[in-house]
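One structure follows; several queries about it will come next.
Chain naming follows the written order as A, B, C and D, and within any one chain the residues start at number 1.
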Amino acid sequence: MQATQRPGAQLLTDFQQVRAHSHRLCEPLMPEDYVVQSMPDASPTKWHLAHTSWFFEQFLLVGVTPNYVSPFPHYNFLFNSYYNAVGARTSRPKRGLLSRPSVEEVFAYRSYVDEKVEQWLNADPDLDGWRDIFVLGLHHEQQHQELIITDLKHMLAENPLDPVYRALPDTPAVDPGPARPVEFTGGLVWVGWAGKGFAFDNEGPRHRRFLQPFALNDRLVTNQEYLAFIQAGGYEQPNWWLSAGWATSTAQGWQAPLYWRKQGEEWGVRTLAGTLTLNPHQPVCHVSYYEADAYARWAGARLPCEGEWETAVQSLPLGGHFAEEGLFQPQPAQAAGGMRQMFGDVWEWTRSSYEPYPGFQPAAGALGEYNGKFMCNQYVLRGGSCATPASHIRATYRNFFPADARWQYSGIRLAYDRN
Amino acid sequence: MQATQRPGAQLLTDFQQVRAHSHRLCEPLMPEDYVVQSMPDASPTKWHLAHTSWFFEQFLLVGVTPNYVSPFPHYNFLFNSYYNAVGARTSRPKRGLLSRPSVEEVFAYRSYVDEKVEQWLNADPDLDGWRDIFVLGLHHEQQHQELIITDLKHMLAENPLDPVYRALPDTPAVDPGPARPVEFTGGLVWVGWAGKGFAFDNEGPRHRRFLQPFALNDRLVTNQEYLAFIQAGGYEQPNWWLSAGWATSTAQGWQAPLYWRKQGEEWGVRTLAGTLTLNPHQPVCHVSYYEADAYARWAGARLPCEGEWETAVQSLPLGGHFAEEGLFQPQPAQAAGGMRQMFGDVWEWTRSSYEPYPGFQPAAGALGEYNGKFMCNQYVLRGGSCATPASHIRATYRNFFPADARWQYSGIRLAYDRN
Amino acid sequence: MQATQRPGAQLLTDFQQVRAHSHRLCEPLMPEDYVVQSMPDASPTKWHLAHTSWFFEQFLLVGVTPNYVSPFPHYNFLFNSYYNAVGARTSRPKRGLLSRPSVEEVFAYRSYVDEKVEQWLNADPDLDGWRDIFVLGLHHEQQHQELIITDLKHMLAENPLDPVYRALPDTPAVDPGPARPVEFTGGLVWVGWAGKGFAFDNEGPRHRRFLQPFALNDRLVTNQEYLAFIQAGGYEQPNWWLSAGWATSTAQGWQAPLYWRKQGEEWGVRTLAGTLTLNPHQPVCHVSYYEADAYARWAGARLPCEGEWETAVQSLPLGGHFAEEGLFQPQPAQAAGGMRQMFGDVWEWTRSSYEPYPGFQPAAGALGEYNGKFMCNQYVLRGGSCATPASHIRATYRNFFPADARWQYSGIRLAYDRN
Amino acid sequence: MQATQRPGAQLLTDFQQVRAHSHRLCEPLMPEDYVVQSMPDASPTKWHLAHTSWFFEQFLLVGVTPNYVSPFPHYNFLFNSYYNAVGARTSRPKRGLLSRPSVEEVFAYRSYVDEKVEQWLNADPDLDGWRDIFVLGLHHEQQHQELIITDLKHMLAENPLDPVYRALPDTPAVDPGPARPVEFTGGLVWVGWAGKGFAFDNEGPRHRRFLQPFALNDRLVTNQEYLAFIQAGGYEQPNWWLSAGWATSTAQGWQAPLYWRKQGEEWGVRTLAGTLTLNPHQPVCHVSYYEADAYARWAGARLPCEGEWETAVQSLPLGGHFAEEGLFQPQPAQAAGGMRQMFGDVWEWTRSSYEPYPGFQPAAGALGEYNGKFMCNQYVLRGGSCATPASHIRATYRNFFPADARWQYSGIRLAYDRN
């Protein structure tokens, strides 16, 4: 009977499931794979595993344990990501210089934290003031689970040996047919989180917005459609691009999405299963905001703003292709019928700058640094991807990356003005 | 009787006034002063004078003159700013490498363009399709008039000789008293240009927005108020700053607004009249978005969003301290009474990312590059400054700069949530 | 009886000994330690192990094996260091991005190469034309053995955990007494290799030089002596420094040799055994050419030129502290008596630019790239270090590094003009 | 009668001649031309004019004038080049940010210094201790006269208007015939200055060297010969290049000497008279050490070392094409007969690193910074160029630039080993 369950029991189950998922992601890895940082934006797997543990140690164990002393005194320096209030830390681009602690030591650290957290939960503690932090720690670890996948993908793709993380199921090459715009009347809408469960602080406060009439396409842009943009000279003509996008694209020598590789006349794609043939019907993926925006302009459309996107999913279930399926590739849209692929598959770039909602206040203390201080020069993405845990996503979830970021599973849905 | 005036007569008068104002700004200069580019964002005065003339030549004379051949064939390369559709151009950071054309040759180029434009206007041309471009050329030149002032200020401030552009009138040291919040109810408002005269394309389309209740302070933040932030350790404590702002501030070694100079225990300020004592009651000026945002957070407030700002000026006249007065310094607020200093003095940073309004479409052709392609990673400023020509500003005018820009006359007005 | 030994038998013994030494150096390592590249000048241990094997494969096996096809086709790209004639290769600063091949795979590659080389040697081959390349391969691997040590030292020193490669014997803190100059008359001397055995091409042709009278100190500069330079403000006063040295030192924030760490009032030193107390009587180590030159000027002396150094060791035996002892730290000078510490302990910076000797011709083909193309903007070091295999060094051996390099075991011997 | 001449009279004449030559070089300039700094290595003409005057003020007037106070107190900061002992100074790359002092003010500064120096000379001063500094000041100004020409050439060549400094005489297109090697036996030679008059400190002490037998070509490498290197793929094949040279050449996109411009199938050359057709018989000019070295290797030769070069000119008169002729272009070799073009035309790259001669000691005080501190990572050039004043050059003169410098009049003479 559920009535007899101690309040911490569900938390314990959730904790064990989330922590176990991190370990499962590491199963295909050799020790060497945990170490490398392939660019400043990415982190070694080892670092993700330790940092998510440090988060529970620093924000939970320190608080609930009288006179807590960490048996790992250096880890606060090594595995703090960006919390100024918690002190100095390893410079971000130097995370890959650390061969120690070894993978074994990092897993020992995880075990230590697991044990302490479980002890605490099992002791039937007063959860007041700690439940939110605990749940935040779970969602935080889920965010890093996605980053483990995307950072590994980036690292392996730098390697001329074309190494394989693991074999992936085939992605069906089924033509989804033409995209169809779905019409919305706009007007006064509500945006932001108002539910009971967990949401990040940046998803609120819930507030009203006024939208013009608009339409969103019922599916994502496919590789085939994006290829037409390339073949039409999309990467050679500045007129489709934002000024900063054109400068970035030419400086970086972009000719296609991040993991596309020209092989003679054909295009291949680097994936976690090695280099595969480009599937024309898959959603295009690993494009920057700049490319998404240029493609949309070329296609006579625009990117959605986040209010439009949130309005469009209001009555949709949270279904889609998520990390639990282990596909780690976006899937072609299935038979038509309303909005498709809104959740999962790829994060959808919106044209909305990542800004505080009206009345937004970050939390007090170090955890106030979680989201608020990044609200500048980034763009909002919505809907989760095939690397996002299903239990992590919400209709109001706001992901954010700089306009030149390409190593996330980021794709494109077209929007249209309707006046 | 106005009825007898030829349609081009008013345009001619406007043209002559605008062009003459550019020349007046150069009166204090030696030839050497026209040449230097003190940073990639700034341009030599010579370049501004030629570029604004090239604008009329390229977008007007070429169009209205059959088989037009420029007597200055290289100038299209030298004085194109950023119009990809018009061809290759001098790399922006290299504008200061050009000793030629000489100042004299640049003024000759101006005379040539003046003469051709006046000939065209005097020939009673069909203005259809050209009036808008012509008027755009006037407003374009006004924008560069402001840049001439701010770029000269930056260049002279780099010089240890403390050179003087010209003597400026004293700025009165009158205490404006405490700032008072003025309350607004929000709700559905209209934003954007809907008038008959000229406006930039980025000011429209006019559209509705929903605002929460808010308050704006009735005057700008003063030097004295900003000094309190400095003295409270504002530049030493990351908690007030956006993450990108803190990174920029520490990397650049910021300790105060751009032109402040510590002189023993006192602060001086570099101005176009040389180094002056800091006037505590002047609006603080030459701060970046990052500093404005950090100050606001420290002060328990926030920056306005641009819809709020535009709502607050709806019934205000367009008065304020503008370039025609030749003060080139913001002035202390005068006796209270409603919103003060909304126009002129300093551009006011808003928290609004520079984004297209709903339904925005840039013009076809090269002039479509004027505004739209810059709508990324910049923030909107409102209201004009003491270096803006009075006839250039509007309630709907949207200026924009990156978050780290400090060499414009940019300042701070505080806003508050009201729920 | 030696007469019965096959010609390849000694080569086989040498090969096995050299290859085994590389493995011994790796015994203290975890797989994670093999992966990291701590700076562009350094390489991962894994890379060194594979590259030295590739060298035998590429320059020997390919040549002696009809229709040779490598079972590791990608390794020519991954493990070529700088031989343009052999084709494209991994960009040097990206050697640390490769988690694969794994350590196990690299050792398998070594075994494969070992087996093929041994098969060849055991088949009693015609050594003509291959003996020199084979022996070069051995000396090449010895060079990388030293780099394995210095690169690991650099990598571990970046780690706040102060990890230990392995415990090292104590270095005795015995005062060697004052240094004494040993006088040399100069005149016409012979410089360069003229012996029968192996030497690198850059050690010849042997030729005459004319030297002015000079003196060399009979021992190396100690930590204590260098500390006096620091305490006298050596790092704060430009007058002791070359212009490029001063620019580098201030830009890098140098305050002491590379691995010194201020701990309160005391100095510690990062070593392969972790952080130890500074031993004042040890030779100073891990200084750049710039620091060595500045120290010498401050001490009223200069660095030796390489002809002087070579003249001074003409009648000395090749004894000293080398890698085989496993000390990996320079040792204090022992009781006086003639020139001390000329071999082993630390590489001695000379003032001589790394230039071709008169009549120098690099070998034809790819191996001609071994030395000659680096004869520019580098300085010669002499004598070997405590990380150099004893069988690798010669009186005529010319090591070379850029003037700002500090991660090698490089130290200082003072010289004086005598007129 | 010379016997009656005051000791300072000759100094006065020399002073006036040298100072007047600087002014003559400026005659073709507009004020704007004096201001621009086209790269960090170059300086504005204005700066050269002021710096050479500051040199006399700082090192002479300050010393010979009791209680000297400069009427230009800021100029010590603005116009100090690199003398740490004399205090802080404008950062080198920022010399082009100074529009003031104006050209007129700089000439007023020159007049002031001229007047004070002449007053001092006319007062029949005790020249002891000051004559050397005075003469150094003259040679210092001559060095900057050459830099005025090379820096102006660089600045004008950046300008798409192809501006002309002034018309230059035609350079005859006479085929000098094949180069012939002139043989030298080498052996013990003397190198360095031992005369009575002025020489820079870096030209001594005079000392003996031992040279192997060698040959030098009797004339410089021509454009036609260098073009053959280009056409043979010299810029596409790494095997001719030093490693650092290849890295520089590919990073910079070098395809030809600095001022060559491909015009269809033909080559033009930017000169002080605008763009001219390439004269095949002119000495090749504006090549880096890297290019000179690569060309020599391709041609089966090498660059001379400076001892060889100095030996080869021992009995040659100091004749050649120098700045006084105002040609500012190297001239084709004339009818054969011994070593040709050793002086004037172009500086000849030697393979010799710029090092102190045995026993070299820089002067005490600030003037000791003149040469010694630059003896690192530079290469020696010999013989002067068509932009060097004739009275400035000596057989022992050592010019020096980094291996990638191309904006000086630098060319190539081939040398050969003879064993």
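Just so it is clear, a residue touches a chain if its C-beta (ideal position, glycine included) is under 8 Å from a C-beta of that chain, and two chains touch if they have at least 3 such contacts.
Note that the coordinates shown come from a computational prediction; the quantities given were computed from them, not determined experimentally.
Colleague: Could you tell me which chains are in contact with chain A and with chain D alike?
Modeller: Under the touch definition, chain A and chain D have B, C as mutual neighbours.
Colleague: Just give me the whole-number Å value for how far the CA centre of chain A lies from that of chain B.
Modeller: So the centre of chain A lies 38 Å away from the centre of chain B.
Colleague: Suppose each chain is reduced to the average of its Cα coordinates; what separation in Å results between chain B and chain D?
Modeller: Distance between chain centres: 46 Å.
Colleague: Residues of chain D that contact two or more other chains, please.
Modeller: In chain D, nothing touches at least two other chains.
Colleague: Chain pairs in touch?
Modeller: A-B, A-C, B-D, C-D
Colleague: Which chain B residues qualify as touching chain D in the complex?
Modeller: Touch residues, chain B against chain D: 30-36, 38, 46, 74, 77-78, 90, 94, 96-103, 155-156, 158-161, 163.
Colleague: Write out the stretch or stretches of chain D touching chain C in their complex.
Modeller: 82, 84-85, 188, 207-212, 238-239, 241-246, 290, 351-353, 355-356, 358-359, 373-377, 403, 417, 419
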